[in-house]
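Chain nomenclature is as follows: A, B, C and D, assigned in order of appearance, with residue numbering initiated at 1 for each chain independently.
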Amino acid sequence: MEYLLLIISAILVNNFVLSRFLGICPFLGVSKKISTALGMSGAVIFVIAIASAVTWCLQKYLLEPFGLEKFLQTLSFILVIAALVQLIDLVMKRFAPPLHAALGIFLPLITTNCAVLGVAVLNMKEGYGFIKSVLFGTSAAVGFAFALLIFTGLREKIERADPPRCFRGVAISLVTAGLLSLAFMGFSGLVK
Amino acid sequence: MKPESPSDLYIVSSSPHTHSGESVERIMLDVLIALAPAFLAACWFFRLEALRLTFVCVAACLLTEWLCRKAMGRARAISDLSATVTGVLLAFNLPPALPTWMAVAGSVFSIAIAKQVFGGLGYNPFNPALAGRAFMLISFTGAMTTWSQSTWLQKIAGAGADAVTTATPLGFAKEALKSGQALPVFNTGLLSDFFIGNMNGCIGETSALALLLGAAYLLYRKVITWHIPAAYLLTVLAYAVILSLASPATAIPPLFHLLSGGLILGAFFMATDMVTTPVTRRGMLIFGIGCGIITMVIRTVKTGAYPEGVSFAILIMNAFTPLINRATRNRVFGTKK
Amino acid sequence: MQTTPSPFTFSGGIHPSYNKELCSGAPIRELPMPARLVVPLSQHLGAPAKPLVNVGDTVKAGQLIAEQNGFISAPVHAPAGGKVAAIEETLTAAGRTCAAIVIEPDGSQEWELLPRIADWRTADKKDLLAQIGAAGVVGMGGAGFPTRIKLSPPADKPIDTVILNGAECEPYLTSDHRMMLEFAREIRVGAEIIRQILGAKSLRIAIEDNKPDAIAAMEQAFQGIDGDVAVTVLRTSYPQGSEKQQIYSVTGREVPRGGLPMDVGCVVENVSTAYAVYDAVANGRPLVRRVISVTGDAVQQPSNLLAPAGTLYSDLVAACGGLRGKPAKVISGGPMMGFTVSTLNVPTGKTASGLLLLSAGKISSYTSQACISCGRCVDACPMGLNPSELSQCIEADDIESAEQIALMDCVECGCCAYVCPAHRPMVHHMRRGKALVMAKRSAAKK
Amino acid sequence: MDPIILQSTLWIGGIGLFSAVALAVADKYLSIPEDPRVGSVLALLPGINCGGCGYAGCADYARGIVLHGAEGNLCAPGGAACAHAIASFLGVAPVEVEKRTALVLCCGDDTETIRRSAYNGINECAAAQATAGGDKGCTYGCLGYGTCARICPVSAITVANGLARVDKSLCIACGKCIPACPRKIIKFVPAAATVHVLCCSKDKGPAVKKVCGTGCIACRMCTKVADGAINMDGFLAVVDYSKPLTSEKPIEVCPTHCIRKA
């Protein structure tokens, strides 16, 4: 039950994009087509799940024993995540070139996706154990994918809309994201 | 020098050359006609407050629409009556004592942000009236949840219940749920009060009777189909029945769920807004079921911030509409069954 | 021989006001020979015919004046005896230009006919097909596909059912209706010839239930016929006359996507085509004239006229007592799928079943309003498409997405535009989208 | 030194070194080589992805040049400078490019021409053309619904008064407008040429006069003063751009003013 609540909380109530406002860059960047959104979602879930595990180990077995977690956490997390994304980039380029071509520059963007670092840091802050960390990370990523997918659907609709010139492009996307976030306020308080 | 042109030119266009005669204006007019009974009921129960809010919202919506179109340099807008419908629906979703300026702010948000920035009617992904209400609920939480005195609670809570008489039935139920108190008994007399509309709530949502009259008209005129309202109401009913079977002591009676809050108004008038809901019959059913589940989750989960979830449920399902449309395409003739 | 209601009903469709009473009671009248016939060389689907006569030649009625040019093509014959006055470009009803042979009839009644095949029951299939081809018979329901080709499907596509299309689901038009009433016996013979050529087991005569007199006439005409023959009464609903929908209504079979009726063992022929087949085989007369309904509220006396191919629309209108008031739209064909023309100076052809003149009060105009996603077009589309989404994709020049959601399956029946409360030019969008897809495909081929 | 600083440095350095080695190993076994020249050529292209060269964007064209031996002078926006740069990079002799511009060969705007029907449909030329052959009285001239203007990547085409015009100074000669025009009246002309016959009507004079006040009526006046640079193609005067024509005489003699400077 506790795990279930954790999952629901991460996906719906405290959605990374819609209520924590993390990972906005890929959220706006890769939401033009369902196919690329799905690819990005897969990549993010994969990266975050692995990053949660790796950063947890890093924290527990390297930083904490040596008392470095206070000031080296962010630095080392970023370093590890960056290396990890590069690795995935290479693997994808080799084994899934169409996906790699579709994700284009957005794959390296995961490196700087604050959602990844956010998950890692939140895991430590909440003091989750290994399983919980990975679970939370994965659900947060699923929440990101969920929001990304909904938003892509909307985005396809508003791509065909006819906003005034000054609102075209990113502006109207941000307005839509805001309204989406407004709608998801309805879930507030359901789970802590 | 320009040659002389023939005196009368034939119109050339693509086929077909005949039309059913339906128009957007007519659809909006039908919605307004269908909202009339609820408006009369609102005027009866809330007197001048209902008149004031409806007038203010409609006027503000029309003015905003006109200004937006003007600013964008685009033609025709207010004559399609869609802004009027938005104004009426928004007003119907407001508590009676709400200050005028807040109603104006909500109307401006509805029309300007939720509709015209997308290019106007047809392009908006979210129901403008509901987006406006959600915006107000979050911005003016206090005012949006302050209800005038009503006698309905005294019937169940006794004369000494002054402290809680300023709540909607759902708000009351949620408080009871949170504090773990047993719910008072809802007798049939009370439910008939609910049905007629003699309870606290937003001005247009209280009278199920008047709303159902209007809904019948919309169904008769084929402006809406039964799919979304039926799926929505039946899901709520089923959810409520399951809850009351699971824990008979604390659950709210299913009929109470159906008749209280904005459910009837939402199911027939907001969840059926054409622009923001799916186009296929199967999609409509999914939409209705989704609305029902989200509504009940928001209403019945103890820790939830809001006692009523209709607006949020429909807004959230609005967001799913493009995906539902995509997932429920009809089978193309000549492809595998 | 029996009469049965159609066992199946296609999904979607609409019920427009039919207005058939304007001329359904008007018997077929032969048009007085016009002073000038502009005979287009492209009255069929496929390559235009190649002219065989020169300006100044004298031709007899029925004489071959332009020969079939390629496999998918059809010959053109002189509709009347007279002098070839010119060979020039003309505007066709469909809005294209094509070469036409202008004949000035001299009033001679002498016909140059093909040799008759009186004993067609014993005749060889090849000879019958050759006769039909030589007579220039094409599908008279609208598309004008050469009948010769339609009646010779490849051996691996056996035909078990011939459907005689007498649905005439287009509002206003009554030419097929009158044909069924006045030429029932001839249509029966034509149908029997078609059945014999195809070796089909079953023959169905499909008629909408709003034409009880035509049903009765066909029942009577087909009395005593051998084999599995039935009049199938269709529910009145547009587009029952559309090939794919009709096959489904009659047999319950769905023509596969991108396929042809022969893929499900069916051939659909219009009743007027059956008459033309009869005329070609039994009388040796090539297809040079047809019945055309001249109707609408902007013509004095709506009529069904037997007019030679190449008659100008202005002559047809004159034969109906002229215009009544000012027509806002002149439509070649019916109101659902017909083409508007910009002038009455346009010739008829083998496929034109109607000329519709409507005043401003009877037509609707299109707007550029946004789609309000009411979903009525989705319910109305007989092909199961989502016209709302399609039109929006095309409007946004997103042709790729439109193609993905089955744009090319659209049959342009017009149901979506008919029901659209925003008065969007749906069919126009579809046509534009299809043209763009075709352009893209042919570019990709290169 | 505070041991913590040393420790931190070592740790971060260690993690970095480990990652670096892992990545290097992965790169060795996983990466796919790409011809580095593609990137270099891509850098020489303008990068506006107009597709005028016939390839799907600049990157595709760069690949075409390097890997499939495509000509280096296909980029119209880049012009001669770009062609030279690519040629010198690849070490081949540059192929000369003549600067061209698109031109709408029609000058019959709404004040000069009539319509033959009242068009009610989508605001797009091909769609209008497909509806009863277009609503313009002249069956050759510009319909004025602006399909070319919408497709132009640099907004060099504007439609005013029912007639499209190309702004020579903006045109990058990408050629997108040419197939977009359903009446095929947009053509490439040398950018240096100044005198043009702005009419495409092959109809005889009287037929032209019935629908347009400024169409070519085949009077042949221009051919007499153009030193062979204007010839008749049936009933239409056509400029032969391979011959020099700088004299403005044809403009002066044309009675319907369809020969204009552009």
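Quick note on the criterion: a contact is a pair of C-beta atoms (placed from the backbone, for glycine too) under 8 Å apart; a residue touches a chain by one contact, two chains touch by 3 or more.
Here the structure is a predicted model, which is why all the values come from computation and not from measurement.
> Count the C-beta pairs in contact for every pair of chains, then give the pair with the highest total.
More C-beta pairs are in contact between B-C than between any other chains.
> Approximately how many whole Å separate the CA-defined centres of subunit B and subunit D?
Going by mean C-alpha positions, subunit B sits 51 Å from subunit D.
> Indicate the whole-number Å distance between the mean C-alpha point of subunit C and the mean C-alpha point of subunit D.
Whole-Å distance between the two chain centres: 42.
> Quick check: how many Å separate the C-alpha centres of subunit B and subunit C?
49
> Quick check: how many Å separate the C-alpha centres of subunit A and subunit C?
Averaging C-alpha atoms per chain gives centres 59 Å apart.
> Mark out which residues of subunit A touch at least two other chains, giving numbers and ranges.
160, 162
> List, in ascending order, every residue of subunit D touching at least 2 other chains.
116-117, 120-121, 127, 130-132, 135
> Out of subunit C, which residues touch more than one other chain, so two or more?
Within subunit C, the residues that touch at least two other chains are 339-343, 365-366, 370, 395, 425, 428, 431.
> Going by the touch rule set out above, what shape does the chain contact graph take here: line, ring, star, complete or other?
complete
> Please name which positions on subunit B make contact with subunit A in the complex.
Against subunit A, the touching part of subunit B is residues 71-72, 113-114, 117-120, 123, 125-126, 131, 134-135, 138, 294, 297-298, 301, 303-306, 309, 311-313, 315-316, 318-323, 326.
> If we count contacts the way the header does, which residues on subunit A are in touch with subunit D in the complex?
Of all residues in subunit A, those touching subunit D are 58, 62, 66, 68, 71-72, 75-76, 79-80, 82-83, 86-87, 90-91, 93-94, 97.
> Using the touch rule from the top, collect the residues of subunit D that touch subunit B in their complex.
111-121, 127, 130-132, 135, 137, 209-213
> Can you list the subunit B residues touching subunit C in their complex?
Touching subunit C: residues 8-24, 26-27, 119-123, 274-281, 284, 325, 329-335 of subunit B.
> Hey, which residues of subunit C end up touching subunit B in the complex?
Residues in contact with subunit B: 10, 14, 16-17, 171, 244, 248, 254-259, 326-331, 333, 335-343, 356, 358, 362-366, 369-376, 378-379, 381-386, 388-389, 405-406, 409, 412, 414, 417-423, 425, 427-428, 431.
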